[in-house]
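Listed below are the structures to be examined.
Common to both upcoming complexes is chain A, partnered first by chain B, then by chain C.
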Partner chain A sequence: MKTMEKHPNRINHSPIFIFLGLIALVFINIQVLFDRLDFYVVGVLSVVAINIILVVSLNLINGITGQLSIGHAGFMAIGAYTTALFSIHLGTPIYINLIFSGLAAGFVGFLIGLPTLRLRGDYLAIATLGFGEIIRVILQNLRLTGGAAGLGGIEWFDNFFLTQFVAIAVVIITWRIGGSAPGRAMVAIREDETAAETVGINTTKFKVMAFALGSCGAGIAGSLFAHRMTYISPDGFTFMKSIEVLVMLVLGGLGSITGAIFSSTLLTLLPEFLRVIDEWRMIIYPALLVIVMIFRSQGLFGTMELDFGQVKNLLEKLIPRKPLEESNNPNPRLEETVSFGGVKIEGKGPILETKNLSISFGGLKAVKAFDIQISRGALHGLIGPNGAGKTTIFNMLTGVHSPNAGEIFFNGERIDRKSPNSVARSGIARTFQNIRLFKDLTVLDNVKVAFHLQADYGLGTAIAHPPSFGKAESRITREAKELLKVFNLIDHSMTIAKNLPYGAQRRLEIVRALAVSPKLLLLDEPAAGMNTLETQKLMELIRWVREEFNLTILLIEHDMSLVMKLCQTISVLDYGIKIFEGTPEQVRNEPRVIEAYLGEEVS
Partner chain B sequence: MLPALGFIICAIFLAMIWALFKNKKRISSSPIGRFFFGFLLIILSIGAVNYFLVGINANRLYFWQQTIYGVSLGSVYALIALGYTMVYGIIRLINFAHGEIYMIGAYAGFFAVASLGLPFFLALMFAMLTSALAGVLVERIAYKPLRKAPRLAVLITAIGMSLLLQNVGQKVFGSIPRSFPRQFTGLYRIGELNIDQSRAIIFVITFLLMLILQYFVVYTKPGKAMRAVSQERDAAQLVGVNVDRTIALTFFVGSLLAGAAGILVAIVFPQIRPTMGLMPGLKAFVAAVIGGIGIIPGAVLGGLIIGVSENLVTAYVSSSWRDAIAFGLLILILLLKPSGILGRNVKEKV
Partner chain C sequence: MKKGFLLGFLLVVILVVSSIMASSSEPIKLGLVGPMTGPLAPYGEGVRDGALLAVDRINSQGGINGRQVEIIVLDNQANPQETITLVNRLIQRDGIVGLVGPVISSTSMVAGPVVQRQGIPMISPTATAVDVTLQGDFVFRVCYLDDYQGLAAVNYAVDELGAKKAGILFKVGDAYSEGLRVVFRDNFRAAGGEVVELAYNLGDTDFSAQLTRMKDQGVEVVYSPFYYEDAVLALTQAQSIGLDAIFIGGDGWDAQELLDQAGLAAVNAVFTTHYSTSDSRPVVQNFLSNFQDKFGRSPIVLAALGYDAAALMMDAIERAGSDDPGEIRDAIAGTEGFEGITGQSISLDENGNPVKDITIIKVVEVDGTPQFEFVTQVGY
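The block that comes next holds the complex of A and B.
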C-alpha cells in the first residue's frame, strides 16, 4: 500500500499556462502603453477583462462552492445601475462607484442567498434564474432606473489599465480564498454538504459568503461595464447574459480559475474574429458549445488548478525557502509536542445522554423512545439487525436529522436542536456507514478541511495574507500531516481520496473525524467490508485512538467478534426500540437478543 | 351568478378526475388526490383575489373574463410544462431546448395551414409529429452521448441546443414574425361572459391530452417503463427495460405536447417568431416546478396557476410586471415547499 504513485490524477503543466498568460499580459500592456493598438482593439480587451471578472466571480459560486447559480446578470445589473445612479445624480468618480456597486450587489446577493441557498442543485439554479429575471423586471418598471428605456449619460470612463487592474485583483482575491480555510470549506460543501457539516463547517454561512462575494464581483463588473457603455438598459442583463457568463465558465472548466480566464478571453475574442462570417456567428457559437460539452464535458481545464500548491511549488523552486521541518520519528505514534484536541476527560455524569428519543419518517417510526447513557471514556457498542435504526440514531446525535421527540444531552448541554456543524463544534465527530469522504480532494486536503475549526482566521486574513495567515496554514498542514503519519496514510497524502484502497478510505474517515478534535467519536460500521485480519488491526487502532485522544467512542458494528471484544457496554436495538443493554457476556446470553437476530425458536 | 359558474366548472373538472382515480385509497398520498387539494386551493385563491380585485375595480365580469383568458394561456404553459416535467423526471435534466421544440411546432403548424392548406386538426397532428421528431433528434444528438457526464454539462448542452435551434430558426424561417392564418373566430356566450372558440379549443385539447397522457403513463407498458426508469435507471435495465428507447420515447411524448402547444398558442396569439420559445419555455419550466417537478398533474396545475396569475397581473397591474409574477411565484414556492405544490419532501439519505 505504501508504493502508491504520488500524483496520480494531477495535471502538472498548469504553471506553464499561468506563465504564458503572464507573458501575454505583459505583451498586451506594452502594446497599449505605447499606443500601438487600435482604439477598438483596446475596447475589446476591456470587455475581456470585464468578462474575466464576471466569470471568475461566478466560479466562486458555481465552481468552488458548487452552488449552481444561473442569474449572474441580475447582480451585474445591480452594479451597473448603482454606478449609473451615482454617476448621474452625484457625479462621483469611478473609484467610488466601483466600491459602492460591488457592495450593493454583494448586499443583494447576501439577502437573496440567505433564503435560497437552503435549496440544492437544480432548485437553487431555478431560484437564481427567477431572481435574475425579477431584478430585470423591477429595473424595467422603476421610474428611478428609467424603465425599459434605461439610463444614459453615465460619465464615460474606459481605461484599460484600471479595468485590467480590477480584473487581476479579483482573480488574486479568488485565488487566495481558494487556498484558505474558508475556501476549503467552500470546496468541502461542493464535495459533500452533509460531511462538511459534520466536520464543523457552517455550510449556510459559507454558501451565503460565496454567493455574496460572487455577486459583489458581478456588481464590480457591472460598474465597469456601465462606465464603458455610458448607457445601460435592462435588455443588457437578460437571462441570455447570465447564460453567456455560465457558458464561459463551464467551457473553461468549473472550479478552475485558469480555465475561467482562458475561456472568457477566448469566447470574447472569438466572435470578434468570427465577425468576418458574421452571418453564421450565432449558429457556430452555440454549436461549438454543444460539441465541446459532448467531447469534453468537464470543460477545457476540468477542475485543474483547484490545488494552488503547484504554483507555490514552482515559486518555491525559484525562490528557495526554508523547508517545512519534517519529523523523522520512526515510531508511528504521536510526538510529545503535538497535542490533538483531545481534551482531558473531565466533568461529571455521562458524556452523552438521550431521553425518550424518537423519530419517524412518514408512517414509519424508525426510533422509539430511545434512552442511552454513555459514561466518559467508554467504548460503547450499538448493535441490532439491519434496519433497526442504528444509523438513524447517529444522525439524530449529530444533528443531521432532528428528532420528533426526546432530548439529547452532551456534556450536560442540550444539543438536539442544534445544526450538525454546531454539534461538531461542541465535540462530536462521526464517520459514515457508506464512506463520505470529499472524494475528489487529496487525502491531505480531506484532513485540512476537517481542521476548519482550528483555523482561527477569517476571510479578511485569507485575502490579505498577513504573516499570521502563513503561520496558521503551515500549522494546519503540519498537524494534518502528523495525523496522517500516525495512521499510516502519509504516503498517500497527495492521492485523490476516491483512489485510495477501501481500508485506507475507512481509516481516512477516522482521521478526518479526529481532526475535528472531538470528545465523542461515533463510528458507523468501521469494519464493514473488511476481512478478519483487517478487522483485527482496526480493533487495535480503535483502542489506541481512544487512549491516545482521550475519547469516548460509540460504535455501530455488525461484526460481533469485534463488538464483543472491544466494547465494555453494548446496547441492542431492534425495530427502533432498545431491547437490551449490558456487558458483552450478558448480551451473548440474553434470549431477547438471540431472538432478534435469529428469530423465535420453534416450540 | 358568474362566480358560481366558475365554481361549477371547476367542480366538474374535479369530479372527472375524481371519477377516473377513485380507486386510490389514500387521497393525500396520491398525486391525483393532492391535485384535487391543489385545485381547491386555486379556487379559494381565485375567490380571494376576486374579492380584493373586484373591490378595486367593481367589475366582476372583467375579472372572470380575464380568468378565462388566463386559463387558456395557462393551458399552453401546461402543455409545455408536461414535456419539461417528464424529461426532468426521467433524466433529471432541465431541457432548455424544449421551448424551441414548441417554436418548431408553431412553425410546422403554420406551414401546414398556410402552405399545404391542411385543415386545422391535421395541421395539429403534423405540428405534433414534427416537434416530436425534433425532440427525439435533439436527445439523440446532444443528450445521449452525455448520459454519464456530470449533470451540469448536460444542462449547458441543453442551453447550447436552445440557442442553436433559435438561431437556426432565424436562418431558416427568417427573423420577421409570421402571421398564423386566423382559425376559429367563433364566440360562445355564457351569460354575459364571452368565450372565444379558439380559447375554448386550447383548453379542451389540453385537457384531453393530459388525460391521455395520464392514462398512458399509469396504465400502459411503455408508461410503466418510463416510471421505472425515472425511479431507478439501473434496476429498470436489469428487469429488461430498454432504457435508451424509453428515454427517447419520453422526449417523443413530451415534444408531441410541446408541438401541440405551439400550434394552439398560434390560434390565439397569431404572431410566431423564432425566439417565441424562450420566455414561454422558461415559464413553463417554472410551472412544472411550482406544481412539483416530475409530477404530471403538477405541471398542469402549475401551468394554470401561472396563466391565470399572469393575466390577472396584466389586467389589474400592468403588462410590464407580467414576467415578474411567474418568477415571483416560483421563488415563493421554492422557499415554502421546494418540492412543489404536489411534491413530497424527500429527506436525504445519510
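The block that comes next holds the complex of A and C.
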C-alpha cells in the first residue's frame, strides 16, 4: 500500500486503534451473521452506521474544507423524502433509492453551495442554517411531502450489512478524496483560502464540490434512515439534528475521519449504556462533551488520521513473512544530482506589463497610474517606504485585488479581471510578506498542494483509484520531494509547517511557489527578519532559482544591500506613485529616491 | 436408606413446586415509551403516571390470574429513531408482551411497524394521527382520531350554536393543528357554513391581527385547534379587541392552566376532550382521587388516556388467559364495552380505533371564577 503518501492530514498515528477497530468490525459481523445479536443491538449498530455516514460527510465540508455548515439535517431530509416518494409512489427498491437520494441531495447542495460558499465563517454558518430550515419548512408545507404530518408507508428495509457496506463505502470514498489532489485542494482552502488561490486552486469550485459531496452523503444517510423508519416527518430534520451531527464531528475532531467514526460510534452507543442510570444520562452525556471540549478543544482526534502504513507495519511484526522488496528504491532519481533546464528566453516582448494601474480603498488611493514593464528573465526590484502600495501591486498582479482602472498584461494576455487561481494557472506565483503557509500541514503536503495544477486527474479518478492515480500521485510526491531536496528541506518533509524555523518557512514558501511552475515569481520581502548571513544565502538562492527554473522575478524588499546586489532594474514607489525606475546605480544616486526612501546614509 | 429416599423425594417435590410457583409468579411485563424529558415531557409523564396507576390497581388486586404486572418505562424524548431502538429493546431484552405508547403520533408511526413485525400488541394512549393504526393489526389506540374530534366540534357549532360563519385560527406546520383545521373546514363547509381561515407561526404570541379580521368578517365561532398556551393568548386578545365569537377548542385545551391563566376571558369557550372530571362514574372518581393520593397533584387529561391504555391492555391479557402476545392481540381486537375513564363503553373497530363518546366541556363563571362544566357527550 502506498497510503503512506496519501493523507494530507496524517500527523500522528495509533495503529492499535485501527487494529482494534477492524477486529471489532469483524467480530460484530460474525455475531450478526450467526444471529447472535437481537434486533435491539443490530438496530443500534445500524444507527451507528447511519450516524457515521452523516458525520463523515459533514467532515468533508466542515472538517476537511473548513466551511462551517450547520444545515446538514436539511440535506438528510432531501434524501429521506426522495426515498420516501420513490418508495411510496414507484415502489423502487432501496438500491435505486439510495442512488437517487444521494444525487438529489448532492444536486441541491450544489445549487445552494454556489451562492452561499462565497460567504465565510459565521455568515456561511447562518446561511446554511437558513437553508436547512427552508428545506424543512418547504417539506412541512408541500402537499406532495405530506406536510407536517409527514409520509408513512415507506418500504421497511433495515439490513445491517447493507447499511454497514454503505457506511464503509462512504468512509473509503472520503478517505480517498482526502488523499488526492482535490482533497489537498480542500484542505488548502481550510488552511488559507488566499494562499490556496495563489497556487492555482479554484477555491469556489472545490468548496462547492465539497459541499455537494457532503450533501450527497447526508442524502444517502437520509435514504437509509427513511427505509429504517418507514415513516418520516419534517420534525425529524430540525436544526437540532444538524447540531447533533455537528457535535459528533467536533467531538471527534474537525477534519479527522477517524475521529468522526470514533465519536459517532461513541455518542450513539453511550446513551444506550447510560440508559441504566435513567435521567442521569441526561446530565452525564453533556457533561462528557463539556469535559472533552475543555481538555481537548481540538476534539478527541484533532485532525489526526490513522495510518494504514503503520497498521501494515504492525501486522508485519505480528505475522513474520518474507521481507518485502521495498528496498528497491522506486525513485532512483532522488539519488542523482537534480538538474533542471538551463536559462532560456521564450516569447517576445515584456513578460509583464501594466498600464495606468490604479486602485483605491475607500477614499485612499493606494496605487495611482502605475506603469511597469518587466522583461523576460529579469530580476526586477520594487522598493519604497511602508505603505507605498508595493504589496497592493502584488495583490493586483495576482488577482487578489481587482484594480479600479488600468490593465495588466502577462505574456501579452490581459489578466487584470482574472481570479487569483487563473492568474496562477497562467504562470504567476508569489510569496507573502507575512508568511502564508498551510500551517498545519506537513512540509511535503504544502508542496504537494501546490502541484495541484499538475495533478491531471479528477474526482472520479481520486475515488476509483485506477493505476493512473497511483502513477500521478507518486509522480507528484517524487517531484515535491525533489524540490524539497534541492532546497534543503527534505529532512523536514514530515514536519508540520508552522514548526519550521523562520528561515525555512520562507524557503518553503518559495518552494511552494515554484511548484506552481511559474514563469514569473513575485517575492514579497523574502529577506524580512533574516540576519546578514541568511540574507546572503537567500540572495544566492534567488539567483540560482532564476537560472535553474528559467524565471522572471519581481521582488519587494527593504534590505537595500540585497536589492542593489540582486536586481538589474529597480522601481521606486512612494504614495502609490512610481517616482523612479532605473539600474541600482541610478536609483542610489537619484535625489527623489533618496529623499523619499533611502535617506542620507545609503547615499 | 428409606429415610434418604424420602428426603430426596421431598426435595424434588419442593424444587418442582417452587419452580412452578416461581414461573407463575414471575411478573407479566409491559413496556411504555414516551417523552419523559424535553419540551413534551409533561405529556409523557402524564401518560406514564396514568399507566402506573392502572398497573398499581391491578397489582393491589392480586395481579392478572395471580401474576403481578410490571411496566417498564423508557424515555424516547419524542424522537422517532430513539423510539425504534427502545421498542426493540423492550421486546428483545425485557421480553414485554405488550406496549403502552408511544405518546406522540410521529413516534407511534414508527413504532407500529416495529411491533407488527415482532408480533407484539401496542396500544397508543394518545396518538391521534389517522394512519397510526393502519400500520398493522397489532396496532391499537384508545384516543379518538382527529377526524372525530373535528367533526364533533362542527356538529356542536352548527347544531347547538347555530353558527353560519366560522373562523379557524391554526398553527402552520403543526400536524395536530393542521389536521383538525382541515377536518373542521371541510365539514363546516359541507354543513353549508362559511369559513375564514387564518394562520399563525410557531413562536407567534400576538394573534390580534388575525382576530381583528375575524371580527370584521363577523364570524360567530372561532375554531382553535392548538394547545392551551396559545389558547390563553387567543382568548385574552379576543377579549381586548372585543371579538365576542365563541371559541371552540380541542383536547389541547383541557388543562387547569387554561382557567388559571386566561381567567374570565375563557368564559363561554367550549372544547372537545376525552372525559370530564365531573363524570360521576366511580371509575372516574376513583381515578381522580387515587391519582391525587399517589402523585400529589391532579391528573392532566392525557393521564386518563394512559390509564385507559394500560387498563385495556391488562384487561385483554386477563381475557386472553395467557401471556402470549398473539392471543393478547386477539383479545384487544375483540374488546367490546370496556369501561374506561375516557368512555363508559369502549369498543375497538376493525382498524383498532376506539368507538366511544366525545366529551364537550364549557367554561362557565361561578362566583367570579371560571370553571369547567360538563356539557354533553356525543357518540359517533
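In the analysis below, the second predicted complex is superposed on the first by the 542 of 603 C-alpha atoms of A that agree within 3 Å, B and C clash if a C-alpha of one lies under 4 Å from a C-alpha of the other, contacts with A are read in each partner's own complex, and residues count from 1 in each chain.
Throughout what follows, a residue touches a chain if its C-beta (ideal position, glycine included) is under 8 Å from a C-beta of that chain, and two chains touch if they have at least 3 such contacts.
Fair warning: this is a prediction, and the values are worked out from it, not measured in the lab.
**Student:** I'd like to know which partner A:369 touches here: chain B for first, chain C for second, both or neither.
**Tutor:** neither
**Student:** A:111 contacts which: chain B (first), chain C (second), both, neither?
**Tutor:** A:111: touches no partner chain.
**Student:** Would you mind checking which one, chain B or chain C, touches more residues on chain A?
**Tutor:** Of chain B and chain C, more residues of chain A lie in contact with B.
**Student:** Touching A:39, do we find chain B (first), chain C (second), both, or neither?
**Tutor:** In the superposition, A:39 contacts chain C only.
**Student:** Looking at A:130 after the superposition, I want to know if it touches chain B, chain C, both of them or none. Which is it: first, second, both, neither?
**Tutor:** Only chain B; A:130 stays clear of chain C.
**Student:** Check whether A:564 is in contact with chain B, with chain C, with both or with neither, and answer first, second, both or neither.
**Tutor:** Neither chain B nor chain C is touched by A:564.
**Student:** Touch test for A:88: chain B only (first), chain C only (second), both, or neither?
**Tutor:** A:88 contacts neither chain B nor chain C.
**Student:** If we overlay the two complexes on their shared chain A, which of chain B and chain C does A:141 touch? Say first, second, both or neither.
**Tutor:** both
**Student:** Is A:294 contacted by the first partner chain B, the second partner chain C, both or neither?
**Tutor:** first
**Student:** Now for A:162: first (chain B), second (chain C), both, or neither, which partner does it touch?
**Tutor:** Neither: A:162 stays clear of chain B and chain C.
**Student:** Mind sorting out which residues of chain A both chain B and chain C touch, each in its own complex?
**Tutor:** 137, 140-141, 147-148, 282
**Student:** Give the list of chain C residues in touch with chain A in this complex.
**Tutor:** Interface residues on the chain C side: 36-37, 74-75, 79-81, 84-85, 88-89, 91-93, 105-106, 109-110, 113, 117-118, 129, 131, 135, 172-175, 178-179.
**Student:** Hey, which residues of chain A end up touching chain B in the complex?
**Tutor:** 68, 115-116, 118-119, 121-123, 125-127, 129-131, 133-134, 137-138, 140-141, 147-148, 194, 239, 243, 246-247, 250, 254, 282-283, 285-287, 289-290, 293-294, 297-298, 361, 391, 395, 400-401, 432
**Student:** Please name which positions on chain B make contact with chain A in the complex.
**Tutor:** That would be residues 88, 92, 94, 142, 145-146, 149-157, 159-164, 167-168, 170-171, 278, 282, 285-286, 289, 318, 320-321, 323-324, 327-328, 330-331, 334-335, 338, 347-348, 350 of chain B.
**Student:** If we count contacts the way the header does, which residues on chain A are in touch with chain C in the complex?
**Tutor:** 38-41, 43-44, 47, 137, 140-141, 147-150, 152-153, 156, 225, 228-236, 272, 275, 278-279, 282
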